[in-house]
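Following are the structures in question.
Look for subunit A in each of the two complexes below; its partner is subunit B in the first and subunit C in the second.
Here is the complex of A and B:
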């Protein structure tokens, strides 16, 4: 009896601090997102008034919100496809081929991942600067630059964001796939070599199916983190501008908080929560395959 | 039977193509980073011509100005303090919890494990507004009762929020390791008369050192680089700031004042510690990732 008491005491002492912190700073705020979305609460008044679904009714007619959703979905789809395609190809090349300086490439490709998004925003502002920017000065070698390309202008800003986000993410996923690809047994490639399979066939018939479980989990996490990354990049690189052309849903939520519309801001938060859950459930369903053993 | 190998010239072309693509990617990563380092020692007048010229001399004044005038020195101290405190707090809280959740069966253990797993899907930036409002309301209440609030613009509170929101990922990673250990270790220790506490601290945690290092590395990078929570909770204009937020302000100020040199010096000040750390531990980082799987 005494020892079971001691065991329980030990367990409580170990787990309670984590549960309390987790509850106060993660569960409670999450519940608050949903609760406050039903209220009207302003920055300068202490009162909350219950308004039911009114915030959501305003939301579906808010053209800025619709645009921010479109931008977010555009970023999720394009950044995910480009990053995953490139990361898988590079990982396959670096694990399958006998490349000199393989380690060097791996180390370099991972660098963007350790930099703060603010630093990346600074680097890319030097790249995208219309006058004397790195990119325009290179393009200027091939064409006339009297009207410099405005990379952060309304028409190109999303493309510029996509390039920066791919630049940041590619190395991390490449290193991860290199780890799982190197565990695919060499004998499979050797026997398919005998059967005359080329590199492409091997890539699609052996490498991809065998690391599918890994691709699948990373895909779900990548999509969720892209919702967040898009916000970090937009906030540091463009602040949603010009004229809201690069606003994504999370940055729009944040700007509504800055405007003091807390209830409305949280209604956007609810949409983001539901959207990310629905999206990860969907990805999980679509990518479901029989796991292959090797 | 088909040919086993491609023709020689085709093979050589393919090899050339691979190296070409790899080197292109290397250039797109290394050149902009190196460019910022060079720009940080350029004088302001050097920024109005061709961006690819080498600096005329090493103009250290940029760093002096960034460190003193732009207060990057103060921000650096703040960042060191917040990151270190958040890491210590995180380890002290997460290690015992992960150990107990992974190795003990008790009423509710399944539920708690699921709860922390679910936490992996809550992104901190989804809930930054309610966290801010909660602390603000706390301050209002404290002001009414005690005459002064201390929850916002407080580096300690910021560190607590960092540590708390990193709990799900950290516990997930550590439990994954603890689950792989054999139960014999504890049984042997109990037979020798060691209590639960001694067993955990003296036997289990020393074995978990590689996982703990992985946890420290990943969380160091995420705490050091974080800027949304820091910007929201440390919003007072005169209050303390962390490095990335200070840099963001510097970049925004630069748009009107055009002090390029100082801005690039600030960029270097923020990224240099992470780059040095990366060069020292890059093997551990990439291996730890292979073992730990995912970043939340």
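Here is the complex of A and C:
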């Protein structure tokens, strides 16, 4: 009896510091975001006024917010699909096929992940430069370049962002898929080979189903990281321009804070919070399968 | 037992990882301290030394400067020993000059200065200000992306410094108002609420105008256009030689351009009405002329401009002028230092002109851009802060600033100018009128900012995704909201 009490006391003592810190630095700020979304105040002023749901009502009619939301959804969908497809294909090739310099490719694909976003933004700014940028120079070999392609212009800026984000993300997910693919027993492939299954069939019938749990986890990662990464890329590459064409929700939230609308930007924060939560839950539900074991 | 140990290790590491974020960068800390620590010993003695007893005489005075007269050494005894926090943005002029001025100030008054300078000053001082700790003096201009100064104006969080104008400059006999050049303390940039009180002190001014390669114009035998019609003619001529007439670093640079344009089209009266969003002002012929000129200019703009008009690539647009791929760009005198290391076309020589007049014989204007220094109303040492602000106009400080290219708006500064600056600052002697002021402050409106409404659409005009009429319509609807929220 006495020892179990002591035991419990010890456990509480162990857990308490972490729980308290977690509560103070994680839970409280999150709750505060929700509370602040019902108020209006400048970022630096000490006074706040309660405005109820007004911030949200304005939000629905704010065309800039809607555009930034559209841009963010576009990024989440396209970056996820493209990165997924490419990461899976590269992972399958690098684990299943015998290619010379396999390790070299592994490292090359992973390098973008080590680089900071600011460095990547710098690299891509150089690649996208209208005159004598790398991309336009290469295209210039095939067509007349008197009117250079404006990669960071209004019509292409989102495409440019997508390309940079895909380039950055592929390596990380590829490594994750490679890890789980290499644990799929070789015998499954051998026996399917005897049954006459080709590489594509093996990929879809064996590899994908067996690493499905991993795919599900990474999908959730994706949604959260794309929302965050989009902000970093936009800040470091385009500052939301030209004329707001590449503004995403988080960068719009940031700019509204700078405009002196702290409560309003918190309302945007709440929308993003709920949106990413709902999307993750939805993706989790949709991809739910009976886990296969080998 | 093993479990217990594991448990302990895990919880400790979890706590540690949570606390890791709280640690501040020790390198940075020592950096900001470093500047002041050297001089601390010496100036401590200087300020308080033998005069300490005499402090009773001036102890009661709130503005030591006003009563100071010639005996400045005694005047600041009451404040000597206090330490003020000064935060200044580091711009193209560098940050050394601030340290030098702070040292000179300490030597003069005995007031210690703890200096913080950074290129992204908002990120450095912002968090502690949100916690209620304010620097005593902040030098940070309006018009920056983070718009910190604007937020302080909107929230009425800036101290009234009208009395600084009547204070005596430390170490001199003249009052601050006698030193500041005319007009600088009458604008909406220094008196944001239009109540005749000064809240922001005018700092480093720079005539803004159109910058160009004088060497190119000379080589081609082209003359600098004095009216917009001549401008379009030059544009057509240049186009034949595959040179575009115009480019701009970012749309942010259009503020000075837009203000000067409004002045030259409709004079001060129109400018005043427009910047206060008067009803129907954007439907007047004057406003239409302004919009028309910018829309036409958009068609003469180097088409690569919008793709580079962001905070990362704007120097590429400035490079277009250096490479003779565009003739004019709106800019300020700091451009010379900013692009000093950049490669340039042969025979390149900086030239600067005011905005052309609307018709021949009309007025041409150059916008006077200047920065602001101010005291947050939450600052602790406001009196000492005011003394510091008054010192910024002393001959000593002006000289230090001028050595680094930063020109204070004081009388007689022309004699201290060197190099290209002589030509730039003489723009007003050569017939151009000075345009000053800005859009009136309004309570923040979601999604509506001066920059996004008036300036950013120029990018879309150039790339052809927006028509002039669409732009005007959006300006009118935003302007209506701004009027309703005027401070």
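Note that the second predicted complex is superposed on the first by the 270 of 294 C-alpha atoms of A that agree within 3 Å, B and C clash if a C-alpha of one lies under 4 Å from a C-alpha of the other, contacts with A are read in each partner's own complex, and residues count from 1 in each chain.
In this section, contacts are C-beta pairs under 8 Å (C-beta built on N, C-alpha and C of every residue); 3 or more make two chains touch, one makes a residue touch a chain.
Nothing here was measured: the structure is a model prediction, and the numbers come from that model.
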Clash or fit, subunit B versus subunit C on superposed subunit A: clash
Partner chain(s) touched by A:74 [first = subunit B, second = subunit C, both, neither]: neither
Touching partner for A:99 - first (subunit B), second (subunit C), both, neither: first
Which superposed partner A:64 touches (first subunit B, second subunit C, both, neither): second
Partner chain(s) touched by A:243 [first = subunit B, second = subunit C, both, neither]: second
Subunit B or subunit C, by number of subunit A residues touched: B
Partner chain in contact with A:208 - subunit B first, subunit C second, else both or neither: neither
Which superposed partner A:21 touches (first subunit B, second subunit C, both, neither): both
A:188 touches, of subunit B and subunit C: first, second, both or neither? neither
First, second, both or neither for A:42, with subunit B first and subunit C second: second
Which of subunit B and subunit C A:279 touches, first, second, both or neither: neither
Listed stretches 4-12, 112-120 or 130-138 of subunit B, narrowed to the one that overlaps subunit C: 130-138
Touching both subunit C and subunit B, counted on subunit A across the two superposed complexes: 10-11, 14-15, 17-18, 21-22, 25, 46, 121-122, 125, 236
In the complex, subunit C residues that touch subunit A: 4, 7-8, 11, 14-15, 18-19, 21, 126, 129-130, 132, 145-148, 150-152, 154-155, 157, 250-251, 303-304, 306-313, 316, 444, 446-447, 449, 452, 456-457, 459-460, 463, 465-466
Subunit A to subunit B touching residues, read off their complex: 6-8, 10-11, 13-15, 17-19, 21-22, 24-30, 32-33, 36, 46, 90, 93-94, 97, 99, 105-112, 114-119, 121-127, 132-134, 137, 167, 170-172, 175-176, 179-180, 193-194, 196, 198, 217-218, 221, 224-225, 227-228, 231-232, 235-236, 250, 253-254, 257, 262, 265-266, 269, 272-273, 276-277, 280
Footprint of subunit A on subunit B - complex, ascending: 1-4, 6, 15, 18-19, 21-22, 25-26, 28-33, 35-36, 39, 47-52, 92-94, 96-97, 99-101, 104, 106, 112, 115-116, 119, 121-123, 125-134, 140, 160-161, 163-165, 167-168, 171, 195-197, 200, 221, 224-228, 244-245, 247-248, 251, 263-264, 266-267, 270-271, 274-275, 277-278, 282, 285-286, 289-290, 293-296
Complex interface listing, subunit A residues touching subunit C: 10-11, 14-15, 17-18, 21-22, 25, 42-46, 55, 58-59, 62-65, 121-122, 125, 128-131, 147-148, 150-155, 157, 236-239, 241-244, 255-256, 258-261, 264
